[in-house]
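The two complexes that follow have chain A in common; it is paired with chain B in the first and with chain C in the second.
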Partner chain A sequence: MRAERLAPYVLVAPAVLIIVALRLWPLALGVNFSFTGDGDLNGTPVGLGNYLELAADPLFRVSLRNVGLLVLLLPVAVAIPGLLATFIYLRVPGHRVYRSVYFFPAVLSPVIVGAIFNLLLGYDGPLNSLLAAFGAGPVDWLGDPGIAMFTVTGVHIWATFGMALVVFLAGFSTLDATLLDAARVDGASLARTIWHVIIPSLTRTIQFVFVTTMIGMLTSMFGLLFVMTSGGPEGSTYLPEYYIWHQQGQMNRPALASAASTVLFVVMLVVGLLQITLLRRTGRQD
Partner chain B sequence: MKQRALWSALIAAALAVAGCGSATRTDTPSGDPQQKQRKLVVWDWKSGEPAAATYIEQAKADFAKRHPEVTVEFVAQPFDQYYTLLGTAIQAGKGPDVMLFNGGGQIRDRAGALLPLDEYVAGDKSRLAGWEAFSKDGKVYAAPVTLQGHPIYYNKALYEKAGLDPAAPPKTWDELVTGCAAIKKATGAACFALGNKEGFGIQFFLSGLGSGILTPREYDDWIAGKRDWDSPNVRRVFELWKQTGDKGLNNDGANSTAMFSDVFTVFETGKAAHIIGLMSDVGHWNDFAEFLPPDKIGVMTAPVVTEGATPSLPYDGGIGYAVAKWTKDPALAADLVRSLTSTGALTAFYQKAGAIASDTTIDVTQAGPAVAAIASEIKTGRPALHVALSSKTLDLMGRLSQQLLSGSTTVDKAVEQLAASDRKG
Partner chain C sequence: MPGTRLARWAAAVPMAALALATIYPLVFTANVAMKTRRDYVLDRFSPAASPRWDNLAEAWAGAGMARYFVNSFVVVACAVALLLLLGSMAGFALARLRFRGSSVIFLGCLAGLFVPFQVIMVPLTRVMADTGLVDTYPGLILAYVAQFLPFTVFLMTSHYRTIPAEIVDAARIDGNTVYGVYRRIMLPLGAPALLSVGILDALFCWNDVLIALLMMPSPEHRTLMIGVNALRGQYSDDIPTFASGILIAAVPVLMIYLFLQRQIADGVTAGSTKG
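Moving on to the complex of A and B:
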């Protein structure tokens, strides 16, 4: 009897232990570490000192603002693969070719993508030569603080939308074809078909893509930033991840980096909880 | 579901509240020197390069002669990640016995984890140059391997095309600007090749031209840590920086041109007449030789901007080997450092890698006029200005320099912020 009551705990113990030992315990150490000092103050408690320094650091504020910018750009990052998947589903001429072409960048590493675009977007690079042929002035894609963040985000979307495209195509395969046929018989235009038939039928897929794209943007742009801008120009392309790496590796401020990591963790936790709530609410509707 | 979400939030909150103080060890137990050490581990980012192979072999052989029973293992780390990895080792209080450092801020920020080497390297003090960059508060923490500095290289072929005398480079800033106008007209080449994508360009500019801008007194004070940011000459450095951008003296898109990968190409391919380059590792006379024949590369001293300034070659110890505090047998590790800076090993490094080695007794006269010009200035050379600044101030200066070029800040505001950062230390 007693053994039976213990059984469930024994059975979940390995999983719980792994999570506690490899996830939660290091997390606790990291948070604890963020309340200590750096350099001469190594190991001594400094209370909220690191957090106050973060709040006063314009560079960290820029990095958080850029997170906000990414959230604002999220609809674009979702709309592009959605639209292209729609075209493929509606069998535009050559849709088989496009399907593989669109997916291709997803298999390239961010470092390679960054290096390619560094060449393409250089001040005397091919894109500016092309613009000059049309009489447009050269744009300093990676050297202008007002443009660089958009450039890097654009490249990130280009490099990763293939994955979302595949998810969308999978969603389309569950779409009821009779609805589309009915719309066609009724003479609905392409825009109306998308708005009234395709989007409502794909709500779950669109939400899933929203969540995964968001996570991708917040956690995996480091490689591109490292190769393309190094956080510059003028610190305009810093993201929290890059800031953490910079403080720990370049400035030798591990405790400050821990504090920044904790802030990033809380931001991700809030975003994650919001998304869970959102998903659950729509799940109930179905 | 709801409960789980609540739980994760609760755990995060509990963690945030619970964390107060006490994280890492401040001291590491010093090991027992009696226990014979059989193996030394060295971390660097050089030993993997083919150009450094002979150097490492020579150093190993030199060390093996004195300690045949000890094995030495070189672990070549990728440079991108080097200080991140090292930071982790320092936090843990264990790692390599001997490690390579860049001079200046990188080693001074980490001096707490290193062993003072004064008693071990006393015999090498006069033979090697560049100790200053590896010292903090009067103690030496690493022995210099190469010298790193910022000579101003110029393209003699472009000078000839513009009708200028390649044997007589400009002596003053005004002469330089006039000459550059002639070069631009005749060849279309920019005056300076500048790569400021990472914000490194300003460091080269400050050090390369500083000795022509600051008075000797101001220069010495700057190095000694008494930096007067209100001085008109210090301001002048940043005014000139802004001017080079405003007057179009730099190559286009300087803020998106990468320092090491792109800017040297700009100079080598004749798109710019001058570059404030390096002496060792990359971006120097030996590197340029691939495109520019050695007799077409000149080295000039900083043009005089302020009357009474005495131009000199800015250089410091470039890279050097240090000993970790936690090593078991400090004398043994220090002995390996001595082997790594022996004349035989350094001669091999100079010949194969084209670096200016720290050993002043090496004969460099065969390597061409540019090297000879650099070598002749080592004696009168002084530490570079930017090396004296903390890495935090350098980081800020990089971003401000980009703002100055793009016009989004003023010289006054930039100098004010730098002064504040420098005073904080």
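Moving on to the complex of A and C:
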């Protein structure tokens, strides 16, 4: 009987051990580590030294500014799949095909997506020859510091909007169809139907998509940056995750990288909580 | 309103254009892979005159992609097997067994879900280096298991919560031990969830760049995605061969997508509806 009572613990033990040892413990270790020095100062406490250095580092400031840009673009990245899902739900001609087609890039690795778009977006590449055929361009998609970050973000959205689309469609399947019928009987326009019926009914789904899309933007663009721009041109496409990788692996500054990790974690917590509060409040007003 | 036929067709046009924009990049790459270098320089868009399989053979052999494939396959297979085993064990216990501390443990697993890899990559690499696991297969496998275990436990727990507790109780009365219930009842009943979580975990591991880059520094240990990226330097002046490499690396995932699309979508949405 004693073995039986221990059984639940035996079942959860391996998972708990791995999660604690390799996810939660490193988090504490990293925060602790960020207050120590690099190189000759390895292991010695330096107080807020790393954080001050981060604040003064133009590259890290660019990476934070780019985070701000991503947060501003977030509504677009959520609205596109949301609108597409609405049309698919309303059975636009060909809706079955669209669902599978749109989702398809979401399963490709950022390396493959990045490599394909490197071909398409090169200065003498196909997209520019296409633009030239219409008398426009050429645009230096990946070489112009003012454009490159938008290009990479656009590619990221291209590659991931299918994920959010599928989540939206799952949300739609819980939608009360009689509400839509009522709107139709009342002769409401499409825009009004979306605003007054669909959005209020899908608050939870929208909230979920906002938070996961933001996490995706802040933590899964490394592959694209690595393949498409390496943080360039002129450091204009740095994001915290790329900065952390660069400082740790390339510059041998692990403690500084840990400080950047801690800042990223705090930024994510703040933005995430802010979103949830904001969305809750708008949800309540309706 | 949405019902009018005209409005539906008006929406269908941009949606069809977007669908084209979603597919075209891969079609373009496949077409380039079939061209000679000369054809590519002369005209990028025209359909390849006659399909050239030489490029594919060159990318496969010249870049040693077989090695990368084997590396990726071994690591992903082991990681997914472990994830499913540990995830279903923990999920069963958390969903259907009553024991002290279970809610704290569940919250701990959830917390793991909100720690992005980027935030712990420095200390984790250090822990791996200190234990001699960097640049070894077990090291990368363990890193993947740690990365995707919270997600796996979470989804398996919510799946097992949909299975009636009476089934567990009945099996216990029939004289099964807890482990017997897990092996004979819960594992088979978990099959649909194990399939969609397993595919998703496999995709995540297969497509990963950052973890593989950190955990497997030597060239002979490169996973497929790191290897494909290395092709870029090797074939910088031979775009058709490079495109062939991309195509070869994309094929396994495309196959999985064609056959298991529904399971992938189920896995993606499970978190949103049950969370």
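The criterion applied here is as follows: the second predicted complex is superposed on the first by the 247 of 286 C-alpha atoms of A that agree within 3 Å, B and C clash if a C-alpha of one lies under 4 Å from a C-alpha of the other, contacts with A are read in each partner's own complex, and residues count from 1 in each chain.
Just so it is clear, a contact is a pair of C-beta atoms (placed from the backbone, for glycine too) under 8 Å apart; a residue touches a chain by one contact, two chains touch by 3 or more.
Since we're looking at a predicted model, the values are computed, not measured.
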First (chain B), second (chain C), both or neither touched by A:L278: neither
Which of chain B and chain C A:A132 touches, first, second, both or neither: neither
Chain B versus chain C as contact partner of A:Y123, first or second or both or neither: first
Chain B versus chain C, judged by how many residues of chain A each one touches: C
Which of chain B and chain C A:T229 touches, first, second, both or neither: first
Touching partner for A:V71 - first (chain B), second (chain C), both, neither: neither
First (chain B), second (chain C), both or neither touched by A:F35: first
Which of chain B and chain C A:G43 touches, first, second, both or neither: first
Partner chain(s) touched by A:D140 [first = chain B, second = chain C, both, neither]: first
Contacts of A:I199 with chain B and chain C, given as first, second, both or neither: neither
Chain A positions touched by chain B in one structure and by chain C in the second: 24, 27, 29, 33, 118, 245, 248-249, 254, 262, 265
Interfacial residue positions of chain A with respect to chain C in the complex: 3-5, 7-9, 11-12, 14-16, 18-24, 26-27, 29-30, 33, 84, 87, 90-94, 97-98, 100-105, 107-112, 115-120, 125-126, 129, 158, 162-163, 166-167, 169-171, 174, 180, 183-184, 187-190, 193, 205, 208-209, 212, 215, 218-219, 222-223, 226-227, 240-241, 244-245, 248-249, 254, 257-258, 261-262, 264-265, 268
Contacting residues of chain C [partner chain A, same complex]: 1-3, 7-9, 11-12, 15-16, 18-19, 21-23, 25-26, 28-29, 32, 44-45, 86-87, 89-90, 92-94, 97-99, 102, 105, 108-109, 111-112, 115-127, 142-143, 145-146, 149-150, 153, 177-179, 182, 203, 206-210, 213-214, 225-226, 228-229, 232, 239, 242-243, 246, 249-250, 253, 256-257, 261, 264-265, 268-269, 271-273, 275
Residues of chain A that touch chain B when the two form their complex: 24, 27-29, 31-36, 39-40, 42-45, 47, 59, 118, 122-124, 138, 140-145, 229-230, 232-235, 245-246, 248-252, 254-255, 262, 265-266, 269, 273, 276-277, 280
Chain B to chain A touching residues, read off their complex: 1, 5, 8-9, 11-12, 15-16, 18-26, 81, 83-84, 87, 91, 109-110, 112, 197-199, 252-258, 262, 391-392, 395, 398-399, 402-403, 406, 408
